[in-house]
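I've put the structures underneath this note.
Two complexes, one shared chain (subunit A), two partners (subunit B, subunit C).
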Partner chain A sequence: MAAQISPMRARLASPVGVTTVTGLGVVLLLAVFGPILWGTQAEATSVADRLLGASWQHPFGTDELGRDVLARVLAGTRTSVLLALGATGIAVALGIVLGLLPTVLPRVLRRMLTGLIDILLAFPWLLLALFFSAIWGASATGAMLAVGFAGIPAFARLNYTLASSIMGRDYVRAARIVGVGPLGVLVRHVLPNAAGPLLVNAAVHASGALLSFAGLSFLGLGVQSPEYDWGRLLREGIARIYVNPMAAIGPGIAIVVTGLLLTLVSDVFATTPRRGALIRNGLRGLRPARRAGSMRAASASPLELADEAAVVSSARELRIAFPGADGGAVERVHGVDLEIAPGEVVGIVGESGSGKSITAMALAGLIEQPGAVTADELRFRGVDLLAPSSPVSKRQLGLELAMVFQDPLTSLNPALTIGRQLTEAVEVHEGVSRAEARERARQALASVGIPDPERRLGQYPHEFSGGMRQRAMIAMGLMGSPRLIVADEPTTALDVTVQRQVLQNLRRAQALTRTAVLFISHDIALVAGFCDRVLVMKDGVVVEQLAADRLLVDAQHPYTKALIACVPDMTSDRTRPLPVIGETGAVRRAS
Partner chain B sequence: MAVSLGIVVVATFAIIHLVPGDPVRAVLGPSAPAELVARTRSELGLDQPLLVQFWNYVVALVQGDLGTSLQTHRPVADTLAQRAPATLVLAGVSFVIAAVGALPIGLATAISVRSGRRRWLDLAASALVGLLIVVPNFLLAVGLVWLFAVQWHVLPVAGWGDPAQLVLPVLALAIGPMAYLARIVHVELLAVLDATYMTTARSKRLPSRLIYLRHALPNMLTSALTIGGLMLTGMVAGTVLIETIFAIPGLGTTIVSSITAKDYPMIQGVVLVYAAMVLALNLIVDLVLMSIDPRSSLAEG
Partner chain C sequence: MTDFQIENLQVRYGSGSHAHLAVDDVSLRVPEGRTLGLVGESGSGKSSIAAAAVGLVRPSSGAIRLDGVDVSGRGSAARAMRRRIQLVFQDPFSALDPRMPIGASIAEATRATGRRWSRAEKADRVSELLQRVHIDPSRAGELPGAFSGGQRQRITIARALAGEPEVLIADEITSALDVSVQGVILNLLRELQGDLGLTVLFISHNLAVVRYVSHELCVMRHGRVVETGETEAVLASPADPYTAELLRAVPVLGERLDLGATA
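Presenting the complex of A and B:
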């Protein structure tokens, strides 16, 4: 429990939290005591003091009957707050009813009701409020009903969404199975679970209601003279804005400040931080990437040819750091050395967090700020990845380096056709015509076994199945002249039956183009079967490196042995629990 | 769409029947002679059965007849035709300004603060946007009038017809939505830039022009346009207040005065036009979205 409460405490204690709570307290005190303290002064007319400008005695000036505007603003707090709360109450109460009703209604009625709510939601709040205030006329109660009713669709929609999601949860299903009726489910399960989001939204809603109300009163459709609220005062003030601007600005400030406070409440009490907050708190600046090796870039060029023949990719003392929660840098990869020969298939195994993926990204030169890459050497076929890129190096990397990621749904751009995504690299870097690029793309798709490639080129990723998307990613790598395909868990997100096909496609593509492959996986059995050589990574360090066919026999490091021991085979004792890897990296049998 | 339109027609028809008490008495006042009340009632057709009234209403509507104003005794349709252009110009110009302004601002702030650089700029932008979203346009209008018209005397305080008189109303209407849209563009772009397909695009080493315009932009346009559509309908509503503040002879000033005067035929007419504008805007946004995003279709939305 303590863990659940403390973030809320922390947010309440933050400067914003303290300001919000104090500010709202002041507004509430004013609502209660304002009319008592300043009521008589706000009503006191004085012919001698008519239409005065702002002064020490009357900070906001006086109106045409000589009444002090500041006193009227303070005393008007009660009416403004009460009307806003009343309207919010109407919206919340009826919104809950209309939002929950569809969940217990038969299908046809439910469709009709939610459809109606959706249609109403298309209309701006103010227009709905005007519609209702046309019915109930220009009066304070009329306006309160109008603002309240206008808010119902939004609340009903919110409730319906919340209720539907809660109704789908397992504990509700369980309750229904044991015979709890729909009403019981609503009262006992749905409402308590929806209460949090509802309260937060009610606060936002109250802010909106306050502003709408001020708007209606301002239009003369809300509170009528001699009653007054902030909107009414604003209306009276703006008529004399040349004479005494404070008479308009004063009530305006009251409206804005109260509205802002109510909005902030939702920020403080919302259970999940919003995305904006995450972005703000997330990452602090770090030194830019690419340092160390870049100095050597110029002098290294004569060696390039020699390099090219021997290795495709090379890294020495590769270190990768990311900003930590406290703003400092956290090193995630601690000095990895790796060379990949032409046509070689190298695997990296390790658990999540071992640094295998970011190592692969660094080898492809794709670590972005705020990540910081340092190394004694980091090259791809002679291109220094630590040096600033040139058009020549971009061309080479764009054509010779291919990526296949874990989730093919997110690694293909949903807004572009498969054809466009396949052809663009060769169009940009090789300057081939649209028609030729398309023909090549057709061949590439055919070579990974996608039927009817001509039609498929014009389709979007969402029209492809998961396995086909991954094969399209592989085909994308075959468009240029690949020398290295970095495949980061290429089969993890796929069905087991599709996994084999995709691996076969990758294997065939490798045989066809004689490209090297860097294959990242947490599955040591898969890696052992697919690769020539295997690197085992743990906590950002390569702990072992050996030929794939020697993996089962020669593994020395306890972590490697542990990984191997965790894979069940035909001889595994099925009566014993599967082994797990302990804190130290050694095998432990749960008993 | 057809369903929405049907509901709108029924709702506008219903206004006069939902009025608590006798609408005709409400218009004419309690002391009006019974004979006048009866005559007005039959003029409005209120003495006929409800279904007949609705049928007559719909038939007249199809012929472009929206009834006769109780105040001016002129056809409602004429008044609307005369008042609508000002509202359309005001909302249209404001939307264009807001959209044209928001896109580059959002893109620029997102790219410049990406990955935690220039945190102060990010914070300052969020704070400013937060404030501009909370300040309703009619208060912004009051502030602008005070600053530009009262203090500096550079722009007219109210009126219609002269381009200079358009500046303040448009600013008041456009600034809030512009800030909001810029923020949406900002947040969406940051999310899109972190997507794996952007890494795929970078791995192709495309020029940054292509990376941003071809790969990033279409993916954030969907949400920006959805918000933009809501923004536009919100602006139509916002014109009501802005027209009142700046004394612009548009639909907003018309509906406010007719609600105060209980001129029901006129109210029904203006509500109908507003609703039709909102529905038309929604339809346009849906069509544009459909042409941009391959995944969305009218059937789903």
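Presenting the complex of A and C:
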């Protein structure tokens, strides 16, 4: 529970939150007490004081009956706010009903109702408001009904969309399975989960409604004399704007400030994505960045091949930190040492949160702000990844480093053909002709076992199956002269038989080019079966590393042993409970 | 006596030329108090069978019978019988209402029993179920966000049990979890089956996991059953080439992955 409340508190305590709460507090107080305190003054006519300019006595001046404009603005708060809230209430309440109704109706009726909502949405809502106010006549109630009804289609649509998405969640399915009826589902599950976005939109809508009333009253369609709201005051003031500007600016300020405050409410209540999600999405966004950046890099300078060093990739004391929830840095990887020899296949195995993926990202130089990488040494084939990148180093990384991710849909550009994405890097970096690049792409696709590569080159990523996309990613890595392929859970989203085929292709590509591979997975059997050497990571630390074929014999660390023991395999004793990993990370055999 | 069987089941999505036959003439039977493992790759139709059994999709033909009653029908008898089949979902993060305390989620599921529960009875039942899945009952008032993935999955199992089901369908319940948590869930499932005598349909793409929990095995491909039988017997001598291919693709610890000839 605490986790649910504290972010809200933090948002309310922020400068924006404090401003909004105090501001709205003042507006509400004015709405309640304004007419009581200034009501008489606002109505008191005094012919002697008519049409005065701004002065200390009358900061906003007086109108043609000698009434104090400031008092009228303050006293008019109630009418303006009530009208805006009333209209928003109508729009939200009926919008919820109309939006939720289709989710429980049979299909034909649902189609008709959503169709009707869509048609109404096509009309600009001010037009609808004018239409309704023509029906109900020019009065305050008429304007409120008009603005309220005009807002219904938008809220109905929003509700329908929210509800449809929530209805598809497993927890709604679970409720249906236990026998909760359609109405029960709406009240118990849909409404509470839709409340957040609804509240935000209602606040924005209230702000819009306030402006609409100002507009309608200004046009003479809203509040009628002797009643007055801010729009009416604006209308009266505007006629004399050259004589007494404050008579128009005063109500204008009230409208703008209240409108802004209502908009700010939505800002304060809008649920911000959790920081973890931000980092994940940030990383996802970063992934292709290296490639794109390297493509743009100058290709004029000749590629200085680093000496065939003894290591492809080396890291000493690698530490990676990300900003935590409280703003401080949280170290996620605590001093990892790793060297990868040319042609070596190294595996990192660990559970989610063990730091295996970000370690690999750092080895590829892909961690960027707000992540912070420190190390005694972090090199890829002689390129210092801790130093600022130069066009030459970018180019080398672009050609010699390949990445294969779990979900290739996010690392392949959906708007470009596979052929274009394969050829771009070499065309830019190596300056080969388009025809030659295409021929190389064709060979690369063929070498990873994609049938009919010529036709496939012209297709888009969505036309490829999951396994095919992973093969295309591997092929993309083969286009340059790869020295290291980083494969981060490349087969986790795939079926086992497809996994086997993709690994076959990866292995063949590795054998063909003698490139090194850094293979990351949570599946220790898979890592051990595919790699030469295995690193076991837990909580940002490499707890053990050993030769893959010695894993069963040489494993010393309790966590490694536990990982081996806790996964059922084809020889597990089915009559006994599985050993589980205890709090300490050591294996605990159930009795 | 629980008798759960599926007869000539067909599930079709879409209509006309876009129709897709997800389940094509599948018949299977889960003996009382036993676990039938349903294994197959994505798109093989195994989850559609689960959805049809609990009434989330309507089969286009065939029957799903519990004690002789076809639960896929529209009548109230079918509906009441259907609630005796409960489902545990794959993703514990989307299977619990993020705005509803876990105790309330479990209490809500007691209505599947068809009996009236007083507030006190519900509270007792919730804490009993939480204890059963090894979650501290005093945390019943907390929201799902306060629990880890493994704990959430145990809570969803408790919710499924709240309906006092005779048949429990577990649809890929460990594939969204870390391996260390997977063992805990599998042990729990075995323990519950032993204690409650549940009849379980266990769906997974992971052959090793299915082998570990299932007495019997049913291999599906493209919406059809390709092989079925006692788990050990099927795995020892697979009769269908697809079963053999699946077996070969499972990585075995301590063995180099058999990737065929590499160039």
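Rule of thumb we're sticking to: the second predicted complex is superposed on the first by the 455 of 591 C-alpha atoms of A that agree within 3 Å, B and C clash if a C-alpha of one lies under 4 Å from a C-alpha of the other, contacts with A are read in each partner's own complex, and residues count from 1 in each chain.
The rule we apply is simple: a residue touches a chain if its C-beta (ideal position, glycine included) is under 8 Å from a C-beta of that chain, and two chains touch if they have at least 3 such contacts.
The shown structure was predicted, so the numbers you read here are calculated from the model rather than taken from an experiment.
Enquirer: Quick one: classify A:Arg395 as touching subunit B (first), subunit C (second), both or neither.
Expert: First partner only.
Enquirer: Pick one for A:Arg434: touches subunit B only (first), subunit C only (second), both, or neither.
Expert: Neither subunit B nor subunit C is touched by A:Arg434.
Enquirer: Of the two partner chains, subunit B (first) and subunit C (second), which one does A:Arg111 touch, if any: first, second, both, or neither?
Expert: So A:Arg111 meets neither subunit B nor subunit C here.
Enquirer: Please work out whether A:Tyr171 is in contact with subunit B alone, subunit C alone, both, or neither, and reply first, second, both or neither.
Expert: After superposition on chain A, A:Tyr171 lies in contact with subunit C alone.
Enquirer: A:Pro192 in the overlay: touching subunit B, subunit C, both, or neither? Say first, second, both or neither.
Expert: After superposing on A, A:Pro192 lies in contact with subunit C but is clear of subunit B.
Enquirer: Which positions of subunit C touch subunit A when the two form their complex?
Expert: Residues of subunit C touching subunit A: 41-42, 54-56, 79, 82-83, 86-87, 89-91, 94-100, 105, 108-112, 114, 141-143, 145-146, 156, 159, 162-163, 178-180, 182-184, 186-187, 190-191, 205-209, 211-213, 231, 235, 245-257, 259-260, 262-263.
Enquirer: Considering only the defined contacts, which subunit B positions touch subunit A in the complex?
Expert: 3-4, 7, 11, 15, 18-20, 26, 114-117, 119, 122-123, 126, 130-131, 134-136, 138-139, 142-143, 145-146, 150, 157, 183, 187, 190-191, 195-197, 199-207, 210, 214-215, 218-219, 233-234, 236-238, 240-241, 244-245, 255-256, 259-260, 262, 264, 267, 271, 274-275, 278-279, 282, 292-295
Enquirer: Please name which positions on subunit A make contact with subunit B in the complex.
Expert: These residues of subunit A touch subunit B: 115-116, 119, 122-127, 130-131, 133-138, 207, 211, 214-215, 218-221, 234, 238, 241-242, 245, 248-249, 252, 255-256, 259-260, 263, 275-276, 279-280, 282-286, 323, 361, 364, 366, 368-370, 389, 394-395, 397-398, 401-403, 405, 407, 410-416, 421, 424-425, 428-429, 460, 462, 473, 476.
Enquirer: Mind listing the subunit A positions that touch subunit C in their complex?
Expert: Interface residues on the subunit A side: 1, 3-4, 169-171, 173-180, 188-189, 192-193, 195, 351-352, 495-500, 503-504, 507-508, 511-512, 522-526, 528-530, 549, 551-552, 562-564, 566-570, 572, 574, 577-581, 590.
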